[in-house]
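Each structure below is given as structure tokens.
There are two complexes below, and they share chain A, which is joined by chain B in the first and by chain C in the second.
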Partner chain A sequence: MIAPPKPDLVTVNIDGKDIAVPKGTNVIEAARLIGVDVPHYCYHPKLTISGNCRMCLIEMGNPAVDPATKAPIMDPATGKQKINWIPRPQIGCATNASPGLHIRTNTPQIKDCREGVMEFLLVNHPLDCPICDQAGECKLQEQATGYGRGYSRFIEQKNVKPKRTQLGPRVMLDDERCVLCSRCIRFSKEIAKDDVLGFIDRGSYSTLTCYPGKKLENNYSLNTVDICPVGALTSTDFRFKMRVWFLKQTNSIDTESSVGANTVVWSREGQIYRITPRRNDDVNDTWMADSGRELYKQVRSADRLTTIKVNGADSALDIAINTALQLAKDGGVAVVGSGRSSVEEQFLTKKLADALKASTHLVSRVGQGDKLLISADRNPNVRGALVVGLISTMPEVGPALRAGLSSSVHSLASQPSTQAGSESRPHLSGLTDLAAAIDAGQVKTVISIGEDLAAAGLTAAQLGKISIVYLGTHANATSAAAKVVIPTLSVFEKNGTFVNQQFRIQKFAKAVPGPAGLPAEASAKAGATDDLIVLAGLANIAASDVAAVWKLLAAEVPALGTMSYANIPETGLLLDATPFAALPFAEGETLHFKPAKS
Partner chain B sequence: MAIVPLERKPLTLAERSYLPGIVGGLKTTLKHLFQPNVTMEYPEQRPALPPGYRGAPTLVKDPHGREKCVSCQLCEFVCPPKAIRITPGEIPADAPTAHVEKAPKEFEIDMLRCIYCGLCQEVCPEEAIWLQNQFSLTGYTREEMVHNKQRLYELGGTLPDPHLKWDKKLAAEVAGGASH
Partner chain C sequence: MAAPEQRRIIFQHIDAPGYSNDLACYVKHGGYEILKKAVAMPPAAIIDEVKKSGLRGRGGAGFGCGLKWSLVDRKSGKPIYLVVNADESEPGTFKDRYIIHQDPHQLIEGIMVTCWANNVKQAYIYIRGEMPHGARILEQAIAEARAANFVGPNILGTSYSCEIYVHRGAGAYICGEETGLIESLEGKRPYPRIKPPYFPAVLGLYQCPTIVNNVETLCHVKHIVDMGGDNYAKIGTPNNTGTRILCVSGHVQRPGYYEYEVGKITMGQLLNEVCGGPLPGRKFKAVIPGGSSSKILRFGETFTLKNKDGSSRTLTIEDIPMDFDTLAACGTMGGSGGVIVMDDSVNMVEALANLNAFYAHESCGQCTPCREGSLWMKKITTRMVHANARAEDGQLLKSVADQIAGRTVCAFGEACSWPTQSFVAKFGDEFKAYPETKKQSKNGDALELV
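Presenting the complex of A and B:
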């Protein structure tokens, strides 16, 4: 991403090419802009500079000026200002762009330096790529191929270090592979604010370790695995499961909360193996919470719904839709929409509610924010419901919770959690109106879009009074009580968009196919159906995929009027938030987000 | 294109009697009667295979009986017809070969797909997969023709190992632990 021209642009010269960059730009980033790779290990764009790996060595020079008069000294041979080259190499990661800075990365001296650094790094390296999970995405492999000498002169015995040190519940350390770049240490200290890692011992015996009695167990611990340039830190969940070069990468969005962290879903042959963060400098930088990385396990969980049921018996989609519409014909219908549905689904939910003249409700899901990448609002897409007009006010939040939220000031990010995300279950509420209407006998049929009504506060007696049509992914009390159950797709199995807390509309894409149901069953009643197809069927609209729904969205929702699904960039688009500025959003401050003053 | 009609030449007397042809044929037959055999009574007799022969891919153990494959999945990646399918696994921390850390949980080669190219052998960093002398594979079902891990080790047996790199690694670990 080339920054738009600003007044403080300076021109630097890298390998003979001039480029204008904002003053202070890191030389590694400046070189990247013109396609020059400065190999590095310890430098990370979102962490402080530590300059300890020495891989990024460059030659550096500045325009010569006369010390006394400050007049530029010209080189008579070229007619240009003379460059004073520093004779010894400098590290690129700690060099910032200054006017007239000259950089050389392709000289024999630099080649020599890189080979030397690589040789030192590999002296005690176990060379066990065949059993290393990082193979295929390892900087040491890449740099050795690109800048290494290609053969070893080391004949002495290599250092042997512990290979299976469990630093925390989700992170395993192989000491032999560590290149002592300290990225993990800086991450823990600077981003997770949980300063548990450090080096002990000296020289080639230096070892990464946890502070005695502590563990690397905060809810952001797996980011250290992402940023470890080598295979020293590995995820216990992904360890030895699959080689990365087999995995297909699909861009997705973390559905844990309204932060909407950008993610990549890694899958092979319809099975998801891991979820990692995707860089978005306006949302999540390069980080995401550990709890969001485990969400893929729901895709193949045992309680996944895979068969369409009408009154408890297996059925087909058209029968289920007809039955649902029959139930709704007598009036007294309520539609419970979801802040976990995509914008497209919420739009069709609204259409459905309009068609059935039903009241609409939305379940709020509020927990504690961790001030980093999990916000208080655990619905990823409440703002989508506002934008498409499914709701016009925020779903109400229980009074006890409101009080609890405002008093929570400590950072949850640094609190230990043995199981990712277990520390704060969100509180579901927002259906008190619906409960009253059911008690009063005004509502006889409830269509729930993936929301467990029991968990959201309806009593068993209330559930017993109504006919429930349930569209959802997993079995729960509501699906058990429902007359019509239509299994739908999880976020990993469909396309769509979410609007996050910044009113940024972001896309997610289908990574794996939905569950196909049992092969013995006829195709019509097997497996899960895309929510859009079901909703379009219920609402009797001929728009059952994302592209078709977007045509309607663009036509009917002014805020999305100029967009189409294909045009939304991978890092999202900001929508106008002013119409909703007065609403009482639950979020507190998180990374790249400050709540509007209220 | 011009068409050129050709006259068929009439046969000579010798040709019409067939005798020179028969004698010529018998001569060839008689010559081979007294020459050494070039065919073989297969399957009772088996050919001596040249070194470097590429038969069915097999998995081998090292002379100490350790399974050499570490389930790096490089062969799975390189295999042109995608005949190989590996489920990687972890060696438990209390096993004698715990320092190797990784071994295949399951390893399947679909011999109906394999084209005997030998790329798996070439790519293997552990010298664990070898195309050996097994060239005659038959079966009654498709499933039978998918060699699983057990079958692959049965076919592979043990091969000499000039490196024994994991033994050296273990020795270094013991020595290193003592000196530090």
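Presenting the complex of A and C:
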């Protein structure tokens, strides 16, 4: 691991406590380090400073120096350097740490400032918390409780504004709740580079809106919902579905691409209600794409595989495994691994291929990157396959596609997609060798780990010439043609790790039991099985959960030598990328990632 | 003591018979001679003269003009801009518009001298949207001056070039706030910027160092170069140098604009002698001395001020000299020179309702205290006048205003809260008695107006 550069530290004093912080750290962040809460609405650590909410007002002072000699002026009472306090309160978000800066957040003046701002924010607020989706995660609620007076002096008519403005396909606006913090405007402009939001009218009648003829429809629009401190922006998918305090939060990883955005999966009683980004300053900051938030819908989709089938008939796991091994007994086996499998699954896939003396293949899934949080490689874990040795070269990418990738640059701003994830479907390839081997009669049995061989380029004739063992979550042409079908689990239903484009190994956890939402008897009868159990069964290895596989990984894969599943931090660990530096990775530049120069 | 004579420097030609706003007339009266003098001087020497003159900004804050120029970041390598604040919007103020309408070349000459002194290659005149005629006059005047080589490339045969553009606002009071003005000039909503870090002298227009000066201030610069900073400083009183234009409106016999040496005329002389005193049968009740946002003064109140030697003096309103420092010491300000006079026909609750309606309408809405507080105050005073008034509303108003002042992005917070704070402080009795006053009035919802 590479140590970050040492920041230039300065000592500041907050509420009487000295603390060393990097120069330029703002007061809100510096205070956070010593457990002092400076309430705020408009400040967001990943956006520019606006300073409009005035909730973070603090008292500020600087050490006194003689203007002529620049010598410190001492206070005889304390023996310390005198502090010149500025009588006017300052905003914490725009006050940056400088040597000797003194801050007070707990004075009567600051208490009065916060009570005043809270009162102002509520005078025209509809106070419709009982029907508001934000309730439970609302900064207005939290800070009214923490810093408000607790009663109202307002007896006038409240302002009336639009209650249901559809800003875009996924975002709904309630203007009465809006506190005009401008976070959503700044996000659209600065991060999504899709400047569509602004205020119209003025004073207390100011109203958030889209520019004429524009919509908030870019693939990052739902981040505005995440950063809205109140219930003004809500997700059309999530609103009115569930109270947030009922939801269980599980850390996960976005599987859309090799960026590996960190996520939280929110679920209750086996059902997922929403996916939101989880802050990782080295990967996705606090953002994720809208398309990644809809992936939970695959868990309960109609084409989910739920029953083990052998030659079309319902079967049991041990029979299915035995049948598969029978098919492989005579050799001529190929294993098609997946860049969507976890590191653990890829490791067992390699073990299986070794045991069967099978050739290994990996399906590449390459599209255009959006320069932000969706990279060109739409497999979340091709690098995992490299690290565990399932593959040693990159799966081939069609020459036409590779040419196209280098010449065309996808611009999010000029081509905002109206539907989450609709922009440039990835191209599947990488099975040319396998196709040739099938044509030549060298391969008779193919074990596919969740990959649709037809979509990856094999013809119906080629599929007809082979026996297929299919492990997967959803029905497709390959599962239809397979002799053995073993339903497995989606990423939300199991534990594991992915290695992203930075060679950062990141773990995801089981949010819901799988297969979620099936009738109990269907689950009991067959149901889906954890991929690790199936693969361990096929490879005849006694390691069918993540912890057990990690013992083998640590022993057999030098790059993972000192690690275990438990000791990988929630924000991941960087692995040594140098052994793979020469490989032709597909990714272009995205947030916090620059491709190595080729 | 009799009122002194007017000293018309800036308004020398305003309303003068036969004086027109074209270049020929201006040149005939000695126009652009000072620009010729200026371009023969080193720029630093002009800045020195302005510093020596003690000129203070005439836009409202009274900030030292020389000091403002000296804060400009001249090492950044970025261009320096001059922005002329012609967004004269403060209620009670009507001086810049006369300069623009009747003597535009005086302003243009002042601009060019200032640009030369500060190595500015591009100046913008940001003119209030409601002054379309003024904008046309300025554009015509700039075209004339450009044709005569006073503006534009290589002025007066030098290698120095400078252009002036007129930009019309779209009708928002907040555009008079210098950083709001800059945002508007950049084509954005005029949300004032946070300071720090966006001080115009360092990060102004297009993030470049920028000087923002009022129209009247820039006209003074011309005369400072003409007479020399030291001579200029002899006009007026110490630290309150030069002349200033006082715009008197309201309940006096002769409202209008008058130019006096700063501090040489008292409020009493101005209102009673120059403006002819109250209307027949009326008495002065209150005066707002520097535009509607400055704090109101109540006739009859006295101010005890400290002298430099430690002794103290007591002034009535009539005794207050019309300067920056004494008005500030009396708890108000000289502001933009807009003197608004109210006589005893005015009910102060209703007067405040009028001002609050203005400020609620003009709050830009960027930051919370001003956005919500100004409208809340308006709703309270509107309710008091047109619906149910409560004796405790005065205290509520003051409390709301106290939650605004000093806590906002820009000085609008003070502008909208000072009227309420001072009206309630000086006329608290009227606010308390207002429910009773209404009951006794004939039409039942407001005092009978004269």
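Operating definition for what follows: the second predicted complex is superposed on the first by the 578 of 598 C-alpha atoms of A that agree within 3 Å, B and C clash if a C-alpha of one lies under 4 Å from a C-alpha of the other, contacts with A are read in each partner's own complex, and residues count from 1 in each chain.
Heads up, the rule we're going with is that contacts are C-beta pairs under 8 Å (C-beta built on N, C-alpha and C of every residue); 3 or more make two chains touch, one makes a residue touch a chain.
As the structure is a prediction and not an experimental result, all values here were calculated from the model.
Trainee: Quick one: is A:Ala94 in contact with chain B, with chain C, with both, or with neither? Answer first, second, both or neither.
Mentor: In the superposition, A:Ala94 touches chain C alone.
Trainee: Could you tell me if A:Lys17 is touching chain B, chain C, both of them or neither one (first, second, both, neither)?
Mentor: Neither partner.
Trainee: Give one of first, second, both or neither to describe whether A:Gly203 is in contact with chain B, with chain C, with both, or with none.
Mentor: In the superposed model, A:Gly203 contacts chain C only, not chain B.
Trainee: For A:Val117 in the superposed arrangement: first (chain B), second (chain C), both or neither?
Mentor: The second partner, chain C, only.
Trainee: State whether A:Lys329 touches chain B only (first), chain C only (second), both chains, or neither.
Mentor: So A:Lys329 meets neither chain B nor chain C here.
Trainee: In this superposed model, does chain C or chain B come into contact with more residues of chain A?
Mentor: Answer, by number of touched residues of chain A: C.
Trainee: Touching A:Ile131 in the superposition: chain B (first), chain C (second), both, neither?
Mentor: The answer is first: A:Ile131 touches chain B but not chain C.
Trainee: By the touch definition at the top of the document, which applies to A:Arg153: first (chain B), second (chain C), both, or neither?
Mentor: second
Trainee: For chain A, which residues belong to both interfaces, chain B and chain C?
Mentor: Looking at chain A, the two contact sets intersect at 157, 159, 205.
Trainee: Write out the stretch or stretches of chain A touching chain B in their complex.
Mentor: For this pair, the touching residues of chain A are 126, 129-131, 135, 157-161, 163-164, 205, 239-243, 245-246.
Trainee: Going by the contact rule at the top, pick out the chain B residues touching chain A in the complex.
Mentor: 70-74, 76-77, 88-90, 93, 99-102, 125-126, 169, 172-173, 175-177, 180
Trainee: Please output the residues of chain C touching chain A within their complex, sorted ascending.
Mentor: For chain C paired with chain A, touching residues are 172, 189, 191, 194, 196-197, 360-369, 371-376, 379-380, 383, 396, 399, 402-404, 406-409.
Trainee: Please give the residue numbers of chain A that touch chain C in the complex, ascending.
Mentor: Contacts found on chain A: 49-55, 57, 88-89, 91, 94, 112-113, 116-117, 119-121, 123-124, 153-154, 156-157, 159, 179-180, 198-199, 201-206.
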